[in-house]
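Both complexes shown next keep chain A, but they swap its partner, so chain B is in the first and chain C is in the second.
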Partner chain A sequence: MGEDGENTKINHSFLRDYVTEADVISTVEFNQTGDLLATGDKGGRVVIFQRETESKGESEELGESGEYNVYSTFQSHEPDFDYLKSLEIEEKINKIRWLPQQNAAHFLLSTNDKTIKLWKVSERDKRPEGYNLKDEEGRIKDISTVTSLRVPVLKPTDLMVEVRPRRIFANGHTYHVNSISVNSDGETYLSADDLRVNMWHLDITDRSFNIVDIKPANMEDLTEVITAAEFHPQHCHLFVYSSSKGTLRLCDMRDSALCDKHSKIFEEPEDPGNRSFFSEIISSVSDVKFSHSGRYLLTRDYLTVKVWDLNMEKGPVETYQVHEYLRSKLCSLYENDCIFDKFECVWNSTDSVIMTGAYNSFFRMFDRETGRGVTLEAWRESSKPRAVLRTRRIYTGGRRRRGDVGVDSLDFTKKILHMAWHPAENIIAIAATNNLYIFQDRVNAENM
Partner chain B sequence: MEYKVEAHRIMSISLGKIYNSRVQRGGIKLHKNLLVSLVLRSARQVYLSEYYSGACLNAQNEREGNEWDITDSEREKFPPSATECDRVESTEEPQQSEQSEKGRDYRENDDEVKSDQADSTSTLQQEQNQNSSLDSVAKVSSETPPETSNEPKESPSDSAVAESDSTPEANGESHQPPKTQRKRSAEESESGDSPQKRTKVASSNAEESEEAEEMDTSNVSNLITIFGSSFSGLLSKDGAKPEAEDSGQICCDQMLKNLNPWSTAIVAF
Partner chain C sequence: MFSKGTKRKFSDSDEETSDENLVGARVASSYSLQRQSLLDMSLIKLQLCHMLVEPNLCRSVLIANTVRQIQEEMTHDGSWHMVAEAFCSAGQSPSERLVATEVLCRSREQDAEPKLFSVISYEGCREEEVVADETLCSVSVSDTVSNVCLTGRMGQCWEKSELRGVERDEEVLEDSSLGSGEDDELDTEDEASTESPKTIGQVFGTFEIKNSSPGPDSALEELFSDVDTSYYDLDTMLTGIQSAPKMGPYDLLDSLAPSHSSPSIVSTPNCRSDLNELDHIMEIIVGS
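Here is the complex of A and B:
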């Protein structure tokens, strides 16, 4: 099912399990039609996959959609150095966002910790031939050999995908950029770092508007940072940002130029019974996503995913436990830094299912209508092409079934942080370290 | 008691993380360091509350009986959650006595020393107010001769006021937090004016290994001084970002974290 779409950057070194750090995928994103899938990695590279279009012809075969193959690979960011602060700037791609397509070319924004770049991805499948002054290899012809004039013609060639940087939005951020979000107006986008949110115009690189600034006058008073931000999918004046304290703030840019004062603040009072040293860490929101409808917000903190209704600020409307069995292990997760892992969360196309990642190559899907969740695994050994994903279970007590995984045998190095859901169909892309898994939902099993 | 051990362990782990973040590629991650400093602060609060409870246990030596009430009320009000951290006998808490290299004046507030008595006591008070009743604050504070001269300590409002007054002071100092603490610790080790909490000492008194600890304290204090200078150099190099990790209240935190768990942190490195 997903094997053909796997990332071809798998390290084939003699140590089978050795993973080059640079190959670790750090972001996954479908474009608006779902035909293109972009991944960014820690080495600063972007790989774009394209879905093959199947000519169905007369066949009514459902679900036999095309598979994703590599379309283009390019180096988006290079390691950089801030000379003023003597700091190295990682080339890891933190986020990729596609722009809505307006012509034959595709545009995407990619960002590392400091710099956002706009890339133009275009195809070229024709080239001009028949120049008068140069030959086929491009060498200048000897004029004396030219006896007649001709008009160069475009001849089809092999498909070439060109990727060129069109804009470089640099020096906008003092702190590490964690999110970018394209506005529905098609002209602007926002970028958020730990303390500020900037709004850029896609055509203007030498300036940006600062729309949120939570940096205190005295840094010692710092108590929370911005962890994610996103524009509303329909209303171009609304955006939301999440904080490390677990709050969400909805801001309306019509209120004022600087949106430090939120229009709405969504927070859930902490459960005093669960208080521990690590309460603050696990309440930090790692990802926030608007639903496609624009009515709901999806947030991920360390142990749960929550659905919030924009009309109700006092608490989430739904809360799903992702891996509650880890609550007793917070101390060791703190020691090995796993408690700082930032998991992403996604909606499906109809906002009826939400998905997020976990450890041991597991990821979780929750059906909002039934409230039930399943655990699935993205692991090569158990995923043959066209195999049906079976659900997994974590053994936390009670009757243990065969195949249940004990909490202590979970592999915390295999974490599913990044994922994406196709905007229209039930196709998901899961990044597991340096592997990319693409799973499709086959509605009619009998056709397989 | 196991809470104190766990708190201490978490504090040293947190310090290790903060240190490691400075050498990590990509610069300091503000978010992670903020979270680590929050954990550090929580652990420290537990640690402090445990100290007062530890002082209770040694009430026969130097405390009145009302300390017991304080201990219980503190325990009730700030119950750390049980984690899977091992419950080891609190052999580590006597490390707190490392501050009393010369074994004198155990009654000082651990938070600050000398010039910052006001800061430390007020901050300590603030934390105490968070953790315990007003009565306990007043009573516990009154145990400490050097501080009573600075602080009235009769009411939470006073302490709150004192805290707010001292906060700018603390903040001002915190601009160079590592260096300042380093100086203080150096001074402490020299003068023997240890920023030792009463409870630390009290609890250390209870430990039979206290003698061994005291012998180590002089070595540790030297290590702290030596390590501290290089550490402050590391911190200052990073400019504003390390400052971001500390709040004004953690001015005292740094004191504690620099002095006490340093022994563990230093050994780790």
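Here is the complex of A and C:
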């Protein structure tokens, strides 16, 4: 894999080691064509990158297939305050999801803990000139100076990207929103918090349908929460949600209005040999993604990624160890709260490779055909633009090679939680704290 | 940690047996030490919450489930001792206590979730940074916690005045967890929270005393099979606690570790239970 380019957040590029909390990237998402890449951060801002389309030469192998440059930046959410509970509402963007493009404008949904917003991103490269009543600066003209009438004409100007909020879906959630997912019908989307899943219509902001509610009558009885939810990519009536107990529930909205009763439940029986006090915590699913084909599910729990076949509920069809060497360190990781880190997982465009993040700026890729995994690093010091990423190894015993990293020297503050894979090509976007890395496969276009 | 092979002495077999028992007891107590420290750590995590932002519900639920699991196991091992009388809040009828005890005595296979305690509300919790060293034995709190209100199953909110009565020079853990009444400057930050149970960080509700004998498979049980089980009786165990000054009913952290001696300020709960275990063992060996 080659590295295409490195994009650092703009305002802190001169302070190399100083990371503002607000600049920490909290979500990354490509749009359906892959031309746009959106990132959200803890400060409530969204930065959209656009892929440059002009090719500088005939030969693609020089890596001229477009780089991503900043297209637009806007403040999506502001810090808020819940007066009833006397609690702050963070402006951190939890998720961004693009809508399928229907016209020249692009639409995306962004959400913080409580409120989902629909943004319209449009370009303007013309402006009308020659108004009768206003002058060039927009000031009202003195009527007496107007001697003739003319029709204003559109003149080309510098490209301007406008982002406007089109819908604000507020007050739908009592608990923290962890997922949003656009339905394949193009009209609805779901939003999930810790205890409920709501379905919204994109045009209606004052109403939403509650489709899953796992809140117990007595909060004392609460033992399980919803951790992620997603619509099926093709079937608009199916969606899946994952729980903190490691179960996945596939629900069919045709069954009933309230989908508390699942159609299928995917659960792996616990391995009695590996049982510990942390078994439940590490089984909690932090992310769930349908494959592009719609046939498989990808889940991430603390130590593994698993591939599930929708037709088989009794267990995953594939399990990949992300960082099994951490199993003996679970107590320390529980103590410093790292055990609660929520890693995301992604499919590649052909569903043949899966990827997820780890610690020490490492991320892992697994080839489903060979079953082999590789560890890569997203760290500025060790990679230059256009350098080839070399694989890394964690030393867990046996012969120690140069460059191996010991388990005790892993930096648990450098975690790769958020990532995205281009929908069609082998381009990946990795968020490492406040930096965004975009890596591109250096295969020739003909070979792809 | 401890030597596995003890030197064979040319002495009567009683000493060797007692040595092996000592080793066995140490293994068991090492596990229970770890379990104890995990329990204490979990309770701290639950009780110390950031006030400004709502806590992560998933994290709270997972920690609470871990605590439940530990307490289940400790109950079956017979090492779960609680302050019974203190938990009799006004609204709790004797029949409820009986029901709860029955729940505890049920075997593990029969029920999914024995209600050993109840988590009242996960909302409005604060979180503090807990600085702990590598041994995981000692936990020190970097900040003072405020405004954690622990309520009973009835949803009663403890008056601040009651919590103020908690001994300040108890061990560090307890100090941090029950700082709500003691931290005046932060009281003003959320005036409404003390009235409404939902807005306050709350942890666990009622606890019940397990009066039945300890579980049959417990290693400790074997060790103490010839010991007078009345030792486990609540009255004897709690003499130390009863002599302590008035404390809140949900003084979890203090009551978790069996306290024979008066609690010391600096020593960790693990060291205390360690001492207590060894104390106990020595008493038996020496011959009571």
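Rule of thumb we're sticking to: the second predicted complex is superposed on the first by the 419 of 448 C-alpha atoms of A that agree within 3 Å, B and C clash if a C-alpha of one lies under 4 Å from a C-alpha of the other, contacts with A are read in each partner's own complex, and residues count from 1 in each chain.
By our rule, a contact is a pair of C-beta atoms (placed from the backbone, for glycine too) under 8 Å apart; a residue touches a chain by one contact, two chains touch by 3 or more.
Keep in mind that this is a model prediction, so the values were computed, not measured.
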Following superposition onto chain A, is the placement of chain B relative to chain C best described as a clash or a fit? clash
May I ask you to decide whether A:275 touches chain B, chain C, both, or neither, giving the answer as first, second, both or neither? first
Can A:329 be said to touch chain B (first), chain C (second), both, or neither? first
Which partner does A:293 contact after superposing on A: first (chain B), second (chain C), both, neither? neither
With the two structures laid over each other on chain A, which partner does A:413 touch: chain B (first), chain C (second), both, or neither? neither
Chain A residues where the chain B and chain C footprints coincide 82, 85-90, 113, 175-176, 194-195, 218-225, 227, 244, 277-278, 280-281, 284, 331-332, 334-335, 337, 340
Write out the stretch or stretches of chain C touching chain A in their complex. 34-35, 38, 41, 45, 51-54, 56-59, 61-62, 64-66, 68-70, 113, 118-124, 130, 132, 134, 136, 153, 189-193, 198-199, 205
For the complex, which residues does chain A have touching chain C? 82, 85-90, 113, 175-176, 194-195, 218-225, 227, 244, 277-278, 280-281, 284, 331-332, 334-335, 337, 340
Note: in the complex, chain B contacts chain A through residues 6-7, 10, 13, 17, 25-27, 29-32, 34-35, 38-39, 42-43, 46, 79-81, 83-85, 170-171, 174, 237-240, 243-248, 250-251
Seen from chain A, its contact residues with chain B in the complex are 82, 85-90, 92, 113, 175-176, 178, 194-195, 218-225, 227, 244, 274-278, 280-281, 284, 328-332, 334-335, 337, 340
